[in-house]
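One structure is given here, and the rest of the page talks about it.
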Amino acid sequence: QEGSSNPLIIAVKAEPDTLVPTDTKYAVTSNPISNNIFERLVDLSTEGKFVPGIASWEIMAGGKEFLFTIRKGVKFHSGDPLTTKDVEFSHNRSWEKSPTYKRYLRGFDRIEIIDDYHCKFFFKAPDVLFIPTRYLQIVSKNYFDRVGEEEFLNKPVGTGPYKLAAWKQGDYIDIERNEEYWGKKPQVQKARFVFTKEDTTRIASLKTGEAGMIMDTPYPLVKDVENAGFKTVRLYTHPPCSVQFHNNNPNVPWYHQKVRLAIAYAIDKDAIVNDLFQGIPAGYPRLAPWELGYDPELKQYPYDPEKAKALLKEAGYPRGFEMPLYYFAGRSYGQKETTEAVALFLNAVGIRCKIQGIEAAQMLAKVRAWHNDPKTEYVGVASVPMAFLPDPVEAISTAYLSTGWGTMYFNKEHLDPIIEEAMVTMDDTKRGELIKKAIKILHEDVASIQIWANTSVYAMKQNIDFTPTLKNREALMLVKDVIIK
Amino acid sequence: MNNMKIITRNPHHLFSVLKHVPVIPLLLLLPMIVCGIFGPYLYLHDPTAMKLSMALKPPAWVSGGDWSYLLGTDNMGRDLLSRLIEGARASLIVAFFGVGFAGIVGVSIGMIAGYFEGKIDNIIMRFVDAQMSIPAILLIILLAAVLGGGLATIILSITLVFWTQYARVIRGETLSIKQRDFVVLAKVTDCGTFRILRKHIFPNTTNTIMVLATLQLGRAIIIEASITFLGMGIQPPATAWGLIISDGRIYMSTAWWIPTFAGMAIMITVLGANLLGDWLRDRLDPKLRQL
Amino acid sequence: MAEKCLLSVEDLKTYFYTKAGVVKAVDGVSFNIREGEALGLAGESGSGKSITCLSILRLVPQPAGRIVSGKIRFQGEDLLDKDNVEMMKLRGKKIAMILQDPLMSLNPVYTIGNQVSEAFKLDGLKGGIGIKQKVVEVLSRVKIPSAERRLKDYPFQFSGGMRQRTAAAIAIARNPSLLIADEPTTSLDVTIQDQFLRLLKEMQKQNHMGLLLITHDLGIVAESCDRVAIMYAGKIVEIGTVRRVYENPTHPYTQALMKALPKLGTRSKKFYQIIGEPPDLSDLPSGCSFHPRCPKQLYICKEKYPPLTPIEGGGYASCWLLNERV
Amino acid sequence: MRRYALRRTLLGIITVVIVSMIIFIATRLSGDVAILIAPPDASDAEIQEIRVQLGLNKPIPYQYYVFVRNALKGDFGRSIRYNRPAIDVLLDRFFGTVELVGTAFIVSIVTGVLLGTLSATRRGTWLDQSGKLFALLGQSMPGFWVGIMLILVFSVNLGLLPTSGRDGISHLLLPSFSMAWYSIASIMRVTRSSMMDVMDSEYIKMARSKGNPEYIVIWKHGLKNALIPVIALAGVQLANLLGGAVIIENVFNWPGLGSMIVDAIYARDYPLVQAGVFFISIFLIALNLIVDLLFGFIDPRITYE
Amino acid sequence: MLAIEREGLMENLLEAQNVKKYFPIYDGGVLFKKYRMLKAVDGVSFSVRKGECFGIAGESGSGKTTVAKLILLLEKITEGNILFEGKNLGRLIKQDRSWYRRRVQTIFQDAASSLDPRMRILDIVSEPMEVQPSGTQSKSVIRHRTEEILHLVGLGSATLKKYPHELSGGQKQRVAIARAMILEPSLVILDEPVSALDVSIRAQILNLLTEIQEKQRITYLLIAHDLAMLQNISDQIAVMYLGKIVEMGNTEEVFDRPMHPYTKALFEAVPRPEPGRAKEVPAISGEIGNPIYPPSGCRFHPRCKETVPECRENEPVVRNIGKNHQVACHLLTRR
């Protein structure tokens, strides 16, 4: 059956800053919509394997060169054909606009256009992340040249299965099926993304039938929505919510591994996942089973307050101590709740937590200032980018390499060499072993305490079918996979 | 010449008015104030003691409820009643200190503007105008972004936002009191400016201040709740009603008691404060009816 | 004195039911006014003069005030029997009123022209030139200079005297048979007051109006009224022709008032003074309300209120001294 | 009148200038946008680069000068987040707010004045009592709570009205009422008491004694005078409503300036915050100016200095 | 009466020499305001001798209160001098000022508004003592003196603890008097001291005032509308019209032989409690002029029934007619 002419209404949490993928600063809010319009050079299968889409590739020179072959006959919504010029243009624009892109392509050397359908990326060292990050999305150079900057931004055109129909700022974005799509024709003809920040309202809009589907159902409401006769499906994305330590300062108790271990034992992670979040988020110890380097042996430290107290005593803190506990105050559900719960568990073993919710902009500034400050006292509940991206190397390198981001944990001696090696090991099995090793060190040293991993819950009407798979990891929402019965 | 007019114009004295008891406002307010002050001695459960296994218990009288958790529990298994009692404190602290500081600032500035008039007055009033043309909530959010969230910030923001109304009203009062004969007479008897402000003008504005303050209490509580609701206000582990609503609003359909009771706590307190304000206003000076 | 009785008030009682108690603002007042006659109602502040005239118009402040009993017969009909609509039609048309404060009695936000023309509109006249002419005419009658140019002015652009004359113009616009003037000149200067009183007299003569003039200035009564009633604490203590009351006051209160008045043409630094203060209407002294201040009080004064007793030379007074003499 | 209008306008302009300074300084003090948009492991040099790009490396007075210079040309800078001219982003949202706040405002004034007058002239009746209760409740509940409750009752349970979005009258009802209730209450209370004062005045006695029917006394003589404090309050209420919109727009997912500004503050999108707050203030100042002039219209004494 | 007999012996306590007070009135201008002058008092000279009661009469707006305010240092003199015991008020230094303020007190018309509603009677009455810079007296001394003075005005010690709104109008005015008298001033300015009171109370207050004057030999400057009262109480009287004194002199003299047409008209206009008194044709027409644009020449001429051409052109000068009687009118020179 062809999709009806009524649009499928999908309520999402936030409005994207822009749909042009090369320009976005807030990928999380852009992706669910822009990935229906734009495509990446590297596509994903439902199992999370990298597969050819608008291009196929070949890795050469031990991971230093990547040759892309563009699929012929692919057209942008503007009618312009997709060529390597567009790839180059997209690359350049991303390089210029997106600091994140620039960082992902750390070892990038140059790009070479061979002909309209072939181009080659050169790297200075083997880059294991270039393909897995799939960061490059393709915009049209011809279109840009023709319409200029403003229109390029306001009426973006991609090669994807849907094209932008309308964007009412602050209200909704309409997309409609691209009838000339090179791939399989999706069933849904039109869809509308409405931005409903307020969780309660988003749920209500599903219940009243205004929305056919909503994203980011808050965990406590999943049961409620199900009871009201709606279908829910889950997508296990990461980043895990974890307790993190700044271990640069030898004068704080949590500088000592024993204390961190005690903390790990003191927190009942299962209770948080099951009672606070009704069992919805996943409680992976570190990596998810499908991830490279997953270690089935690795287990969470169990909840054992007695052991925690004993460890504290051993470490010389029989009567506990005072500890700050920061979190990013914002509006993403779960962080604050987790923080409060962690504080309560820790209080029970004598660690008196001073919770401080700090708004993102200020927190980031603080973290930045703390980076190299050996006097910092920081323990926080936060989501470190852990396995958010297809290859754990990316996350481990950004979070735990001593040159990484506002990092809290350093282990120059043991960890850095392993990570550095993993970063240039193109062979998956070998890299997997390295990752396993690094993770083990992190786990044993209690660099951080994983509590739960983010899980996106989609709720929809019964007649709508949508099963998020690993290919939705960044995209989060691909309308082409939706079937309306 | 009309007796009637003289009677109503005669401003009552605060103390003589306070001898009477405003029953309903006090019935509404007193429990809240008692909770705010004696909270720690009142609650049955430690408001921060969570038992995740007890999460989301409904109020006692609803099936599945537990009489030791009279109003049910929240998502962390904390006793809602105890949390509401604890929350009273934050709300009242914000309200009292915010409104109090705003009063001190606003009244002093208002008296100065009104008494000296001229340039000072002009400058002050332009600032007041400017500030009043930025909606209070927006200004507070901006301030919260500058100062970071938390109790102190909210108190400070409420002070910074609320002083203007005092300043405006008190300036007006001062302008008219200043014209009254007793102030002129004080000048004739060689009272200094400070003495006149302190002994003659200020005491005559206390009625207005009291009325304004009680009416603002309610607004302060609502603003605090609103800011907290937006995530910029009070942060845990502190508890405030706005925070309970804010955290509990997603339970609206599954655990209605959390946002409902917290909302009612706000409503009752604000209602009490407003009623008290009305009562004071009617008693002290019917002229103030327009505040 | 063959004139018909225009208004007769009999035993009027108007009370205010307040939290502090019942205020007997008007407590058994009787008098009458004949056509074309001017009655002065004098008395201290708070003695119930204004409430008396508001009662006549049935405009006692609601909801506290209530006409408790009595009869107000106007041209033979009892006003207290009329319903609101009938009263409304009577007001302004048959009984008009001028209030004390010229600043307050004109609506500050409407032009003079608008407010005066209202009176005519109530008579069913539609707006336009016709009304304007009438407005100008009535304003000229009260001697507003260049009235036509000032129709668009607001009350605050008029001087006190002019405002008061405008109020008078509104009152006489529909040729009422009774004009009630409640202290119409208190806030005016003597020279302006003089002008206004003359105007009032003139209008009264022209239209053959009954006039109830309320004032506490005995001088004004003497010059503008035929008869005078002296009120004290909600009651009329003495009533009679002006000449009789002034030359031969009977009630001790009237006597005291006459003596206490500073008079032109004399020179003495000592004035006759009435001791004490006017009573509180919600807590009147027993018996005769004046007895605590009365220099001639008797035993009975403390116990019973004296009845109105006719006096030789005309009029009545209510004092036990009279009764004894009788 | 002309001179009065001119003076008020001049004062309005001074207010605008002060407002722009307050906003400008507050945004600059609120944190560093560069850190927020830079990737977490960006070096200090990279961050500085972003600052230079955004013109944030210059001293604040100079930045202010640039802001004023451009603002006078109608250019409020580019939104950092949306990478569009701030004024465009703003105009997309502006009418949403105007629609919402405008409706709420008109509803509050009309209902407030009507109820207030009725309640004042029928003192002590059930109408008065229930009016007072309605007003008291409205002033005692936070708007967002009312909003959430209304959604629960009218949308979810009764299914009568939509929960969110901006699409015609049915979408407007709940949000505008959750905002307006407070204002209706304030306006009603002020109208009521002001009307009660006015109805005690001499000119009302005079109007009655002229033989005017009660409706003329109330609606012509009473109301216009009673409106004077109401108009003064209207400006304040408008500011309240605009502030309330910030929250209500979030609750009802209404595309307006309020929610945009809150997001922009979170994102430290200075140009957008500035433009947004500034726009709202100018809007308010302009409306207050109109209110002032209206004052002159209703109360002739004011313009006559 | 006493005053006149001893005339030669008495010195002037207060002397006004061609005193002017102009108020700037806003008159347009948006950025830069423009002003016009309101001539509230425009060249007034008089002298008040020790121990006497000097009355000022005149219509509303004629500048009576402004004169009082100038004497009380509540307004700055625009031009001219006021001398008190020979000292020029315009040049008082700080100590002199507080000395002067102790010597000169005032009582206003509306007692209700001249008592601070938030203060107890004790504090109200004793305030002038408390703010004395010279050696603060002890509380008991102050209290004693307060009781004494309250007794003088006929109020018991029970009033000490009361608030003004607990008192009646007459009592309030007594309190105001007590406050004015507590420092034993030499000059008291009475601005319509009884016009807000009921007829039956007026006499009490006036008697009290004269009693105190006799006891303490205080000088009064009495401002009033009520001519009958002025005639009875004051020794000297000045009649003001639009900021100028039109006639001044010994009270008896002025009342017996009013010379200025305005004075005559004023006397004529006063309603008298004498039924049947034949009144003349309207005493006076029109209203007092506008002090911003006062009429040319004699300010009274637009309302005057006896104008001569000069009246419109020249301001009449003040002339002595008789021993203690001055008038400013062109008619006099004509005669």
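Chains: A, B, C, D and E, in written order; residue numbering restarts at 1 for each.
By definition in this document, contacts are C-beta pairs under 8 Å (C-beta built on N, C-alpha and C of every residue); 3 or more make two chains touch, one makes a residue touch a chain.
Bear in mind that the values here come from a model prediction, so they are computed numbers and not experimental data.
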Chains touching both subunit A and subunit B: D
Of C-E and C-D, pair with higher C-beta contact tally: C-E
Subunit B-subunit E separation of Cα centroids, rounded to whole Å: 49
Intercentroid distance (Cα basis), subunit E paired with subunit D, Å: 53
Approximate Å spacing (C-alpha centroids) for the pair subunit A, subunit D: 39
For subunit E, residues contacting two or more additional chains: none
Where subunit B touches two or more other chains, by residue: 1, 145, 249, 252-253
Multi-chain contact residues (two or more partners), subunit C: 45, 100, 216
Subunit E residues touching subunit C - in the complex, by the definition given at the top: 1, 59-60, 168, 170-171, 198-204, 206-207, 210, 225-229, 231-233, 251-252, 255, 265-277, 279, 282-285, 287-288
Of subunit B, residues touching subunit E in the complex: 1, 6, 9-13, 16, 180-182, 184-192, 195, 199-200, 203-204, 206
Subunit E partner contacts - residues on subunit C that touch it in the complex: 44-45, 159-162, 189-195, 197-198, 216-224, 242-243, 246-247, 256-258, 260-275, 277-278, 293
Residues of subunit D touching subunit C in the complex: 123-124, 200-203, 205-214, 216, 221, 224-225, 298-301, 304
Subunit D-touching residues of subunit B, taken from the complex the two chains share: 126-127, 129-139, 141-143, 145-146, 218, 222, 225-226, 229-230, 242, 245, 249, 252-253, 259, 263, 266-268, 270-271, 274-275, 289-290
